[in-house]
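This structure is in structure tokens; I'll ask about it shortly.
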Amino acid sequence: MIAVYFLVGIPLFGAILLGVIGHKQAGSRINLLLSFLTMLASLYLVFIISEQHTLGGDDSEFYIDSLNVYLLALTAVVGFTTAFFSSPYMLHEAKVRNLSDTRMRLYHSSYQGFIFTMLLGLSTNNLGVLWVSLEGATLTTVLLVSLYRTPSSIEAAWKYFILCGVGIAQALFGTVLLYFAAAKVIPNVEDSLLWTQLFAHAGELSPVIITIAFVFLLVGYGTKVGLVPLHNWLPDAHSEGPTPMSAVLSGLLLNVALYALIRIKMITDLALAGEQTVHIQNLAGYLMMGFGLISFTVAVLFLHRQRDIKRLFSYSSIEHMGLMTFAFGLGTPLSTFAGLLHMLVHGLTKSAIFISVGHAAQIAGTQSIEKIRGLIKTQPKVGWGLLIGTAAIAGFPPFGIFTSEFLLLSSTVHTYPWLAIPLLMGLSIAFAGLFKHIQPMCFGEQPEGQQPVNATMWPVFLHLFIVLWLGLAIPEQLSQWFNNVTILITGSGVL
Amino acid sequence: MVSAQFILIALCVVVGLLPTMVVRLLNKIPEQLFGQGLSHAMQHGWLWLTPVSSKTAEYSALLVAVGLLVSLFGWFIVRMIMKPKRKAGHLGRVAAWDCGFGPLSSRMQYTGGSFSMPVRRIFAPLWKLSTEQKLQARNGLPLHAHTQIYREQSDDLSWRIIYNPIIAWINFVTRNIGRIQTGHLRHYLAYSFFTLIVLLWLIS
Amino acid sequence: MNIMLLTLSEQAILLLAGLVLFTSFSLLAQPRIVAAIRTFAWQGLLLSIVTVMVAIDTGLHHLYISALLTLLMKAIFIPWLLHRLVHKMEFQREQDILHHPVLVLLAGGILVIFCYSIALPIKQLSNSVTQPIIALSMSMVMLGMLMLITRHKAVSQVIGFMAMENGLFFAGVSATHGMPMIVELGIAFDVFVAAIIFGVFFFHIKDSFDSLDVDHLSSLSESDS
Amino acid sequence: MIDIIDFKGWILVIIQTWMFVFLAPLLVGWLTWLKCHLQNRSAPSLFQPYKNLWRLFHKDVLLPKHASLIFRMTPYIIAGVMLIAASIIPLFVVRMPSSATADVIVLVGFFALAKFFQSLAAMDIGTAFGGMGASREMTVSALAEPAMLMAVFTLAMVAGSTNLSTVVETIISQGLVLRPSLLFAFAGLVLVAIAETGRIPVDNPSTHLELTMIHEAMVLEYSGRMLALIEWSSMTKLMVYGVLICNVFFPWGIAQHHDLYSMFIGFVAVGFKLMLLAVCLVVAETLLAKMRLFRVPIFLSLAFTLSLLGLLSYIILEVG
């Protein structure tokens, strides 16, 4: 349990510390150090969980099991590598954009605060605290989106704030309804929002209330996941904020929101299991499949018309979140397994891509796709990083995304064969959409006077290496976790 | 430089000669993914590739290769026996037959285009093949021709019938789908609002 | 459910709930910003009174803390903050013109009926005041969203947002007799931070766009026309 | 599954393969003899092809100036491939160890291999004739191979196996069954065999008219023992196709046990079947005229359609 306290406590302490002090140089170093400590704590937690399977639970405020332990580790690791990337990146930005020390202080403090909210949301057992931390994640990042104080960044931040605020408010209403239903069946009312308690008593919850609650929670957390048509904040916020922010937003925050949805769906499925028709029993799954498929399709089409490189990849994030939502909605063991794997590999790949994109934009001095050219000639590391990352995200074998997409497709073919057609079509359109833009950026002729920048590319290659490794062989422990979760969610495993 | 290619070629040959070994190595992947693999393929040992069962089909690449070598050797023996009196290694070299039109030049060789001509003719309707032959002659007399121009044009029908419409359709859809990203916050909120209403209506 | 069968305090809760809903409607139709802020403060006050009533009715002590928090946050701090900002930016006379007020109010009415019908099945599960309360709070959330959609000014959007939050809070207090304390504190803290961030944003928007009209914030569009 | 250390079996394989090869010229001689008689010409001896081969083997080889190693190796490769192809076809006895090593799909592959080297050698010398022959040969075989595979698949589905020995045994054990699928596959395979062995109406083996020849254009530059090998392999190929058709579609009489008596019966039976087949072929060749090259695709698409019909009629009429 001490590991959890450390894991959550270090970034909280860091947020306060960096908010109080906040010298430019020391700030980025302290940020890095704290992220490193957080990562160590998360690895320690992984070690504990691999020995004793679960931590907390029952009436404890924290609960760590196979589902969230790997997301916690992912968050901490990506948090660390992104912090590593951010220190030279933000120095460059501060010089180019003329950022004051106060804003750099805000940046570092918010960064730690953001990591804190995500880790808290993942490790908590309390659905109320989960809500609080997701709202907190919005609050800590909204000022980062407007960090550059350009009109468009303020516009993006405002939209992000209002849309996510409204969304999260709907989720709160859903949480209240859940509590309302739970308070009737759970003996100790104070424990009624604890997930373990809810899960244990899920069969007794009133199906009517749970259905309404699920709709509110789906729309609410779905806004944060970036499901179409609730996604509109996502490309704006990703494109206007500083790039390390985009990396953690895309790679981590969306995952946390989806994690919340999965936990809710598990309860809903159990609560509705006693209904008469299959349609009502699988209501949660059907809704998630629908949202997932719509998000996937729309995002894929949006990929083609992008002019801004960060917007391009934020639509790619929507696409992948749609795929995952679809996978969890489908609810077969194989698709659930695929969804879990996809969460991991997408988080790693997307953050790696955003790091490369950040450097690419610094090299070209713009985010406009048309003006970024000849990256491989100017700075081969960045160009290749972007190219390989894009190949991975587009689902080329042997990267891990290919594996998870393949698993998802094969399970779709088993259950709803006709749905495999739009999925396959969408994937190939996404292929085309991404490479149409990326190819000239990486290979084209470089413009006059384009200079390399001070880039740290090892996080990118580290992430891509892990993704490649996961595509070739999934470690025993990880697949065991995935299998445990799959059993927990669907009732049967794949291994 | 070339040796790199030879390594790859050699590997191809090895893989072709020992398919069961490769199948055994690759088999782990489908076994992990689907829980079942091609266990039948190797049930008769490493020499035999039996995709389904030995009753249905079997193939031994190594034995075939050995057989090929043996039969080559057999023909070599035949050649030795029937050898003419003159010593081997002194084969006469003559010019290839030219139909009596003088020496052959490299311009008369078959090119890739001419090699594939019959196939292209056969599939002409599929490729929208159009050929144009023009004779340029002095004073307009066909017997005084000095230049012949031959132009061939092919048009991939699949491109026109399948790809272009898909591209046009995707472009059309993406152009129109951009409209949902209006830039107005109030519209976005309206999406969220109506989504909620529709869902609530659906479940009630 | 017959209102005659309820206790007096329950009747009072229902009466107050009706009043809260009324404030939501008046927020929806109020064009003057300063007046809207005042209405919002009234709503907060009513909410804290409801909370006290529920606390008396059920005898749950932690609800007093909630009531106090509500009073401080919703009835005093946030209206004060908004007032101050409006004065600072000299927006006292600003109006947020509603283009079709009748239609909007009509839509609001339909929304309430819709929410009632959604919450109708819950009636069988509870014989107390909860079913109408859930319907009411759901309609408050919806009305808040409607307000967000129909208004053009950033300030009125914030009020709409906070009104939504009020609806949630109302549901939390009246239907479920308060959430666990840790959650409630967390929510209060979030609302507090959100209010401050809203304040910061007003200045940013004013600086960048010279107006608080959110319709000017539409440069990040992807439509071709 | 056949024991590969079956010593007697391997000896049988060798005997049968050499019999195959040495009887192939006789089949061609028989064809020529029949044809001449049918067309009221005086016929050469039945053993004329042997004499031709003997003479060619004793002649000097003349190589074209620019011929490379490929050109010189090709005759041996083709002859070797034909030899091993002959070894996997049951001539008068089934259940030989060699038939387990390769099935009928591999047989198609052998033919393709031989053709590939032949075309390569034809292009190697750089004359227009060689290129023309190679180009035409490849065109024809590109169209013929799908038809052949389709016919083979039909067979494989009927017998539940692609192994030739098993196919033959299955068809014998089923007795006389009037299968529409086999009829179609038979017709398709005959058409393919005509195209692949260069008989009329696709090609004329005895012509050297520049514009019509296919196979002959490719071997124009060969002489001496190399030509002999090539000629011999094309005779073997004809024999392979003939035996394939006879033994797969009309397998009766073939020896199922490795004893002398049944093998003798099998030998007589296959000889008789081949003679009959040759009669049919000769009649067809006499009645038909060689067609233009660009009519060949129509001919082969007929073959493909027949084979496809075979497959479909198996699925629709015999299983469904």
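We call the chains A, B, C and D, going by the order they appear; numbering starts again at 1 in every chain.
Here is the rule we use: a residue touches a chain if its C-beta (ideal position, glycine included) is under 8 Å from a C-beta of that chain, and two chains touch if they have at least 3 such contacts.
Everything numeric here is computed off the predicted structure, so don't read it as measured data.
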- Item | Winner on C-beta contact pairs when B-D is weighed against B-C | B-D
- Message: Distance between subunit B and subunit D based on Cα centroids, please, to the nearest Å.
- Response: 26
- Distance between the CA centroids of subunit A and subunit D (whole Å) is 64
- Computed distance of Cα centres, subunit C from subunit B, in Å: 67
- Query: Just how far, in Å, is the C-alpha centre of subunit D from the one of subunit C?
  - Reply: 89
- Indicate the residues of subunit A shared as contacts by at least two other chains. 158-159, 162, 166, 170, 212, 235, 302, 305
- Message: Touching at least two other chains at once: which residues of subunit B meet that condition?
- Response: 175, 178, 181, 185, 189, 192, 196, 200
- Query: With chains as vertices joined when they touch, what's the shape: line, ring, star, complete or other?
  - Reply: other
- Note which residues of subunit C are touching subunit A in the complex, please. 118-119, 121-122, 125, 130, 134, 137-138, 141, 144-145, 148, 154, 157, 161, 164-165, 167-168, 171-172, 175-177, 179-180, 182-183, 186-187, 189-190, 193-194, 197-198, 200-201, 204-205, 208-209, 214, 217-220, 222
- Task: Spell out the residues on subunit A that touch subunit B in their complex, using ranges where they run on.
- Result: 158-159, 162-163, 166-167, 170, 211-212, 215-216, 218-219, 223, 229-230, 232-233, 235, 283, 287, 298, 301-302, 304-305, 406-407, 410, 429, 494
- Contacts from subunit C onto subunit B in the complex sit at residues 114, 117-118, 121, 142, 145-146, 148-152, 157, 214-215, 217-225
- Item | Residues of subunit A that touch subunit C when the two form their complex | 61, 126, 128-129, 131-132, 135-136, 139, 142-143, 146, 149-152, 154-159, 161-162, 165-166, 169-170, 172-173, 176-177, 179-180, 183-184, 190, 192-193, 206, 208-209, 212, 235-236, 239-240, 302, 305
- Item | subunit B to subunit A touching residues, read off their complex | 33-35, 170-171, 173-175, 177-178, 180-181, 185, 188-189, 191-192, 195-196, 199-200, 203
